[in-house]
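Both complexes shown next keep chain A, but they swap its partner, so chain B is in the first and chain C is in the second.
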Partner chain A sequence: MAEVTNASVLATLQEKFGDAIEHAYEPYGMLTAFVKREQIIDILRFLKEDSTIQMNFLTSLCGIHYPNNEGKELGVIYHLHSFTNNFRMRLEVFFPAADVDMPTATVLWPTANWMERETFEFYGINFVGHPDLRIILNVEDMDYHPLLKQYPLEDDTRTDKDDRYFGRDDNKGVHFDKFPGKAQLPNK
Partner chain B sequence: MQQYTDIEEEKEYNTLNLGPTHPATHGIFQNVLKMDGEIIVSSEPTIGYIHRAFEKIAEHRPYYQITPLTDRMNYCSSPINNMGWHMTMEKLIGAEIPKRAQYMRIIIMELARIADHIVCNSVIGVDTGALTGFTYVWQDREKIYEVYEEICGARLTTNIGRIGGFERDFNKTTWEKINDALNSIEKRWAEFERLLSRNRIFMDRCIGCGPITAEKALGYGFTGPNLRAAGVDYDVRVMSPYSSYEDFDFTIPVGTNGDTYDRFMVRNTEIWESIKIIRQAMNNLPEGNYHADIPEFYLPQKDDVYTKMEALIYHFKIVMGETDVPKGEVYHCVEGGNGELGFYLVSDGGRTPYRLHFRRPCFIYYQAYPEMIKGAMLSDAILTMSSMNVIAGELDA
Partner chain C sequence: MSNVQIVNEPPVGLQGEGFLVTNLSAVVGMARKNSLWPLPFATSCCGIEFMSTMGPNYDLSRFGMERLSFSPRQADLLMVMGTIAKKMGPILRHVYEQMAEPRWVIAVGACASSGGVFDSYSVLQGIDKVIPVDVYVPGCPPRPEQIIQGIMQIQELAASESLRRRNGDQYKALLDSYNIK
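Right, the complex of A and B next:
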C-alpha cells in the first residue's frame, strides 16, 4: 500500500476536487485544507471511503468565529483520523455569518450528531439535514449563541470590576469605555 | 359497536424519569425512558446540568489560568487533563521537555489512570450489588491522592505541574508514597479481581449487558477502554506517543463483545499495565532537570521571585499573561481515563487563546447510550452507564 503523507493526500484531493480545495498548509505537521462549503460532504465521504486514505474516524468537529474576516466570519473545523494509516488531518470550511447553512456530517458518522448540536448551540450554525438540531448544553430557550465573539464573557452592566490596568482591552472581557470615570486602581 | 382489532397497537407505555439526581446514576444525568414493563423501549438523554462554559471562559483567561478549568472536566483523573493542556501549550511554543520531566509526568498520568479505573470498576461492582470491593479499593485511590498531595498540595482538582514540567522535583517522601501506593494496589487489586472477575453471579450479570459492535463504536467516536472493549486496539499512547511513551514496554488489552464485562476486564488489565509502566519509569528515571528551560512560560520558584530581578519580572509577566505566544493552530491529544482527550487551540498571539476546543471523550460517546440500552432492562441501563464511565464534568464541560 502506498504510504499516506500530507503531500500525497493533498495531491489526491486537488486532483479529485480541484478548485474546492482553496488552499492548504501544515501547521505543526498536520495537513490543514480549507475547502468550499458545497463540497465538504463529498470530500469527507471520499476521504472516508477511499481505499488508500481510509479516514474512518471523525475525531472532532467544532466552530470558530472571526467577526472581522468579512464574508468568511464563521467556520467549521473537522479533525479526521485514519486508524489504519495513523494519519490525521484537518478540514476547515468558512462562510459568511449571514448565510449559516452547512451540510450535516451525520450522514457519514453518527458521532457528528452531538458535535453539530454543540456547534449549533455555540455559533448558530444551521446543519441542514441534521436529524435533531436542538440546543444541547444550555437551557432550551436560550435565544443567542454564546461563543460568538460579540458576546462578552461577563455581564457588561457590571460596574464593580475594572481591570484595564491588567492589560485587558475592549474586545476581551469587560467594555470599559462604557463607564468613563469609574476606573479605580484595585483595592489593596 | 366498537370492534377490537389489534391489541398491540393500543399497548400503553410508561414514561419514567431517570434522573437528573438519581443516586444510581453517579452524577447529574437525566434520561426520559419509555418503558414497556421493565423493558426500555427508547430513551432521551438530557445533558448540560453542570455546563460551565469552559470554552468561552478559556477565551478570556491567560494560559496558566486554563489549567484549573481542565481539572474540572474528568475530575477522576485531573492530572491527565492538566498535563494534556500543558503539553498542548508546549507544542504551540515549541518547548523541549527534559526526559526526566517526561518520565515524571508519565508516573503521575498512569497513577491518575489507575485512580480513574479504580473508581469505574469498583462502581460497576456496587451497581451489581457487590459493595465490599468498592470500600476496599478506595483505600488505594486514597494513597494515589496522597501522592498528588505531596507534589502539588491538592487532591481532586490538582492543577498539577507547569507549562514546561513540574513545579518541583519529587522529594523522598513522594517516591516512598508512590512505591507504597503501587505495592498496596498490586496486592489489593489482585484480591478485587479474585472477588469479581470469575464470579459466576457477576459474570451472568455483566456479560451481554450494554454491548456495542466495533463498527458502531467507531461510528459513534468511541475511544479509550470502551472502544478497546469492542475490539479496536486504538490507544493514543501507542498511535501518537507523547511524553516519551515510546520508551516503554506495555500491552494494550482489547475485548471482543464491547459489553459491560469486557469494559470491566479491559480496565482491570490496564491497571496492571499502568503499574508496569510506572515501575519502568521509576527504574529508568533519567538524571536531569524537572522542567524545561523556558523562563518566559515556566513559573519561577517562589524563592527566586523574592530575591532575583529576572524571576520577579517573568513571574509578573506570566501571571499577568504578558508573554507573547506564537500565532497558530495546534491539536494535541492524550489518552485520558476515558479515551482521546484532545485540545484544539487557535492562538492569535494574544494573551488568551482565540479559540480552545476540548475534545471530551465522554461527550462524544454518551450519545450512543440510548442505542446501547434499547431493549434492555432498567437495571441494565444503570450498569451500562457506570461501565461506560460517563463523568458529568467532562460530559458537560
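Right, the complex of A and C next:
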C-alpha cells in the first residue's frame, strides 16, 4: 500500500478535482486545502471512500468569520482523520456572508449533525439538506448568531464593571471594526 | 480551631433550675440556624472548592449541616457555586421555586455573584438577576474559609430572622420583583 503523505494526497486531489482545489499549505505540517464550496461534498466523499486515503473520521467541523475578508467573510473548516493511515488533514471553504448556504456533510458522517447545528447557531451558516437544523447550545430563543463579529461578545446586562478600566466609553463591548489591521487569510 | 463554637449558649430569657422562659422566635431561630439543610448547586470550579469545604479538613458538618439535601423540597439553603449560563437560569429559578419557606440563598464566587470573568452573551451576569440572594461570597474561587464565613452569615440571618418576615409586605414585594409566585 502506497504511503499516504501530504504531497500524495494533494497531488491526488489536484489531479481529480483540478480547479476546485484553490490552494493549499502546510501549517505545522498539516495539509490544509482551500476548496470550492460546490465540490466540497464530492471531495469529502472521495477522501472518505478512496481505498488508499481512507479518511474515515470527521474530527471536527466548525465555522469562522473574517469580516474584512471581502467576498469570503465566512468559512467552514473540516478536520479529517484517517485511522488506517494515521493521517490528518484540513479542508477549508470560504464564501460571502450574504450567501450562507452550504451543502451538509451529514450525508457522509452522522457526527456532522451536531457540529453543523453548532456552526449554524454561532455563524448562521445554513446547511442545506441537514435533517434538523436547530440551535443546540444557547438558550432556545437566541435570536442572533453570537460569534459573527458584528455582535459584541460582552453582555449588556453587566452592571458591576467600570468601563474606564477597559478603554471603552460605552458598555456595548469592543467591536471588531475598532481593531487596527485586518484579519487576513494566510496566502499560499 | 479550638475556639470554634458549634452551638452558642441558649437564647436569653428568664432562667432558673430546670426551666427557661424565652420568646418562641429565639428558639425557632436557634433551631433553624443549627440545622440548615443546604442544596449544593455546583456548576463549575467553585463547586470543587465547596467539596473541600465539605471534606474533613474544613468540615462544614460541624455547623449542623451534616446532610446535604439533593431535593429542593427539603432544603433550606440554596448554595449556588459556579458559573450559571443563561440556559441554566430558568432551571435555577425552578429549583428555587420548589424550595419551601423559609429559604436562604448564598451566591458563592464571582460568577454566581456577578458573572465573574465571564462577561459574555451566554452567561447570566449574577444569579440575583433571577432569584433573590441573601449572602454573596466574593473570590474566584473563594477559599473554604470564605465559604464558611458566608455560611455563618446565613446562620446569623436564620437565627435573627423574625418569624413573620416571610409573610411581610417587604418580602412579598421582593418576590414580586422577581415575579416568583
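In this section, the second predicted complex is superposed on the first by the 154 of 188 C-alpha atoms of A that agree within 3 Å, B and C clash if a C-alpha of one lies under 4 Å from a C-alpha of the other, contacts with A are read in each partner's own complex, and residues count from 1 in each chain.
Just so we're on the same page, contacts are C-beta pairs under 8 Å (C-beta built on N, C-alpha and C of every residue); 3 or more make two chains touch, one makes a residue touch a chain.
Remember, predicted model here, so these are calculated numbers, not experimental data.
Contacts of A:138 after superposition on the shared chain: both chain B and chain C are touched. Shared-chain residue A:146: touches chain B and chain C both. In the overlay built on the shared chain, the residue A:60 is in contact with chain B alone; chain C does not reach it. By the document's definition of touching, of the two partners only chain B reaches A:32; chain C does not.
In the superposed model, A:128 makes contact with neither chain B nor chain C. When the two complexes are overlaid, the chain among chain B and chain C that reaches more residues of chain A is B. Contact with chain B, but none with chain C, is seen for A:79 once the two complexes are overlaid on the shared chain. In the superposed model, A:7 lies in contact with neither chain B nor chain C.
The contact surfaces that chain B and chain C form on chain A in the two complexes overlap at residues 137-138, 146, 153.
Chain A makes touch with chain C in their complex at residues 137-139, 146, 151-155, 157-161. The touching residues of chain A, counted against chain B in their complex, run 27-28, 30, 32, 56-60, 62, 64, 77, 79, 83, 86, 88, 90, 109-111, 113-115, 118, 122, 136-138, 146-147, 153, 166-167, 172-173. Chain contact summary for the complex, chain B toward chain A: residues 47-48, 51, 53, 55-57, 59-60, 91-92, 216, 218-221, 232, 234, 239-240, 320-322, 328-331, 333, 340, 342, 344, 346, 350-352, 355, 357, 359, 363-364, 366-368, 396-397. On chain C, the positions that touch chain A within their shared complex are 86-87, 114-115, 119-123, 125-126, 129.
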